[in-house]
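In what comes next, chain A is part of two complexes: it sits with chain B in the first one and with chain C in the second one.
The block that comes next holds the complex of A and B.
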């Protein structure tokens, strides 16, 4: 990894953060543009969290939406929970109704930061809990098991009472948490800069994690778990670390997302959301920090653009303005996944900085040449068949 | 007792349908080691196409099913040709991501073309035998259940014969044992794979039609997702790559889910089936009838 490449990377990422910080100068905090920018930032945070498991450790996690949903539901539930004025018991008002004269239980100075940390820690514990039984799984089976677990959590959130079930939990103005005395409305300046701060911190953290001892150990596990173990890397411990970090970031992202969407609806937390996050990583290039950012920008923006009304030609009337159905974006996501795997499996912006020191293709070619030179039994290609 | 028999009849029907989907999964996995996520979407396409043939072309149900089988075989072959064949040489993760992408695209495409509203076969298209019933142990045994069992049993017996007794079947078994060696023996591996996709897809189409007949509708773009996932669970349960294992696994998963729905909670039946799937993968990843595979470094 050359010093120049690293400098270029830092410069790019600093420019991205600066650009996000400058958006309000031109567009203010209210309206389509800043809202989309915020959504992109939140998805980028979650994509970077997923990157720890998918990109660094090389395990395809298809259930990341669990962390997003858990972070979001914890935030919303703790913010709307009120004490019943008569009996003093805890009530979670479902469906956006508010109780007159009821007092919020978890509103005190600094409470949102506490909730944010709590969402992260709970999801981190959830990640470890989910990781413990699946430590020995790799490849397809890991992907399917995470998908199944996410489905179970989704079914639970969709039917449980405390999450509002199929109904939504809305954050009414009195429910919105405060930070330093300012309400964290989804279009407020303080919320914007909170997201920006988390976004920046996640980027810096991701790069440092990748270049750290832990990151190298995770890369070794991705390249070859057996070899990593033989070299003295405690594989299970590092995998659990990766799950915990990934879950933590996912919980934080989910919490911020709950504020962005001004509530929680279990129906909106389907497993396809985690496929979208996987898609973000694949688009930019699995294992690349810049790639994760690029993927979230392109895909989230695409989703928002497809929501706009576009002119359609209709016989008789001429041009009419019609919106694509909101599901149409998933058609594009799917086709993007297929096309990328076909034509550019390394993604659009593969990370040259973090390029594998010893990519598997190269390793195979070398070992084959070596075996044919020295006649050490069948070549690896033949042996693996 | 009556309740138990009624649930058991339901469970057998659901199991037969899952088994029909699971054989498609397991055949493809056996040869190219790919979890064909889009298989559930093929099942959905099968039901959709049959519905479309019945309602817009006025085809009788049996003809519509046959046409939809042909259509799905075509879709399956195309899927392999366009999406999976170029990736034979790249990693399994790339193929899995492609399969996810195809699943997502097909599902959305169906939603854009046919709409999200659940559809049902019109009453007049359903043969009278399906709605007739007999009293058995105090509950009613409907003709549609019998028809579904018969159709599923016939398809699976045919498939089993095809794989075990014919030249084509021999080629398929050879490819699943060792594609490279099969190619050296003069078997056209790609043609066999295409054929596998076509057979699996047409069976999935049958399953789609049968399911729609069983529940009296519910043909919608999302129907393939859970069914596909559970059929995969069934394939794993029986030992993935093992044809008879998939049939057994399908029956077991379907019966587990239906009995859980009947006796414990119909809200969490899918969650329970997923939990069974996870447990199977964790405890016995090679399945009931499969052979444990030595881990290669």
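The block that comes next holds the complex of A and C.
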């Protein structure tokens, strides 16, 4: 990328972060808008984590939800865990019941930062562990194995006792972690700015990683592993590094997500979340940081908008206000992806097009093609022949 | 003259299949050595075995007297053996400059790398003009030059070239061979694998003819060109 484009990129991303910071000025910290903005930021963080493996290293990871779930469950479990007042053993109160007089084990000043780091590190280790047996897999095979591993983890979390199993683990007010003396409620200012900080840090980190020696080496592995090896890139080591970084970011995103959803429910950690994150990357353009952001904004916001009640026509009653079923959003995701493949197969904001990042002649060709789709009769090009 | 690279009875292959059935050859300092032979004779496998990309089952490979048999490719590259793989294998989505920087991946001396990049652009002016262009958008000849430049910025003491003339027009083949000879004159030791036997033997100091995984014939390039068997089998005389 040329120096000018890089400056444009930094400017755009700074504007995005600033916009997120300014939202509370208009909407406060409570309510639909800030909550959606937070969800977008958390999903963007996770999408950028996935981007390290999918976008840079070029391996399709369909099991990223594992990191999200692990980060979330570690956070919630450590926050709700109490010591039994009589026996002193560790208890995880499942199903929202609380024990009177029990003491929280992991509540001490700054403990949330520790939990956040722990979630990241555990997921990082998980990423390496998952990567070791799959080091020599590429393409569909890697995708299938990650999908299968995520399903195993999902079933474990859904049936294990310590995660609450099929029930939800709620963060009751006494369980909510504290940071600098403030409770990190999902609608608190401190939580909002914590997410904003992680979001900003992830963006900066992603750009630096892409432009670094390591990022270049990962790109080389994506484009041609054999040639990368011939250039002296230790391919296995760099792949494991990518898995570790990706897992770390996923764990942090999962931890923040647990606070956002005020608890953990294994049922919500199905394979769809992985697919949604992959879709975020595909929509924006695989390999592009701006693209990952755009994808999360569009898809997460769309999911939230579809939760709103819309007028339905019901026979005999007339118009009633009803929400779409939650699965309806996948219908729209599907439509968006089909349209994307038809009109912009490289994504909306791809990182690299041959030559200029967005050449004017390409833009002209696109608009020409788009208008010709809706025109009846021969296109201008065909007519002139 | 001292041997820089020496293969002693190397047997290598994929899985249980043996491709090389005891190959011995040596390359001395400053030499340009060519390996010619028919398809499937084991020329490329020889280079892959040297680079540690194909497992060696028996025999030894010595580089500057040190045994490098079956070392990881990364360590072999670090010792100064660089391969220009068959079919260029550029990083198509990286720019020309980024491709060359990947070639210098193991080097930490930034300022010297800058100087070597400049030297590469002197040697291949067309790459200098297109350094911001994506490597995948170069023509075949330019891609070959880019692949050679990428190997050169690693500052190899021995350069392994696999089929540099593959798929190039006669004019470009001549250009590429001019560059190879120039590099060799400047002191780079080169081991060249070629289908274009005439071109390869004309510029090589010495040549090896491979047949079904073994060295069938060896000798100075000019002598091989005169050899009746070589003439008949590889140069198209009847």
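In this text, the second predicted complex is superposed on the first by the 348 of 385 C-alpha atoms of A that agree within 3 Å, B and C clash if a C-alpha of one lies under 4 Å from a C-alpha of the other, contacts with A are read in each partner's own complex, and residues count from 1 in each chain.
The definition used in the following text is that a residue touches a chain if its C-beta (ideal position, glycine included) is under 8 Å from a C-beta of that chain, and two chains touch if they have at least 3 such contacts.
Nothing here was measured: the structure is a model prediction, and the numbers come from that model.
Q: With the two structures laid over each other on chain A, which partner does A:334 touch: chain B (first), chain C (second), both, or neither?
A: In the superposition, A:334 contacts chain B only.
Q: Looking at the overlay, does A:226 come into contact with chain B only (first), chain C only (second), both, or neither?
A: It touches chain B and chain C both.
Q: Answer with first, second, both or neither: which of chain B and chain C does A:190 touch in the superposed model?
A: neither
Q: Does chain B (first) or chain C (second) touch A:145, or do both, or does neither?
A: Once the two structures are laid over each other on A, A:145 reaches chain B alone.
Q: If you stack the two complexes on chain A, which partner ends up touching A:234: first (chain B), second (chain C), both, or neither?
A: Second partner only, chain C.
Q: I want to verify the contact counts: of chain B and chain C, which reaches more residues of chain A?
A: Of chain B and chain C, more residues of chain A lie in contact with B.
Q: Kindly classify A:204 by the partners it touches after superposition: chain B alone (first), chain C alone (second), both, or neither?
A: neither
Q: Going by the contact rule set out at the top, does A:121 touch chain B (first), chain C (second), both, or neither?
A: After superposing on A, A:121 lies clear of both chain B and chain C.
Q: Considering only touches as defined above, state whether A:345 meets chain B (first), chain C (second), both or neither.
A: Only chain B; A:345 stays clear of chain C.
Q: Take the contacts of chain A with chain B and those with chain C, and give the residues found in both.
A: On chain A, the residues that contact chain B in one structure and chain C in the other are 224, 226-227.
Q: Under the stated contact criterion, what part of chain A meets chain B in this complex?
A: Going by the criterion above, the answer is residues 60, 62, 133-134, 137, 139-141, 143-145, 147-149, 151-152, 155-156, 159, 224, 226-227, 272, 275, 278-279, 282, 325, 327-328, 330-331, 333-338, 341-342, 345, 384-385.
Q: Provide the residue numbers of chain C that touch chain A in the complex, in ascending order.
A: Of all residues in chain C, those touching chain A are 51, 53, 72-74, 77-78, 82-83, 85, 89-94, 98, 101-103, 105-106, 132-134, 136-137, 150, 154.
Q: Spell out the part of chain B that touches chain A in their complex, as residue ranges.
A: Its residues touching chain A are 35, 83, 86-87, 90, 92-98, 100-109, 111-112, 116, 178, 180-181, 229, 232-233, 236, 267-268, 270-271, 274-275, 277-278, 281-282, 285, 296-297.
Q: Applying the document's contact rule, which stretches of chain A touch chain C when the two form their complex?
A: 2, 213, 216-217, 219-220, 223-224, 226-234, 352, 354-355
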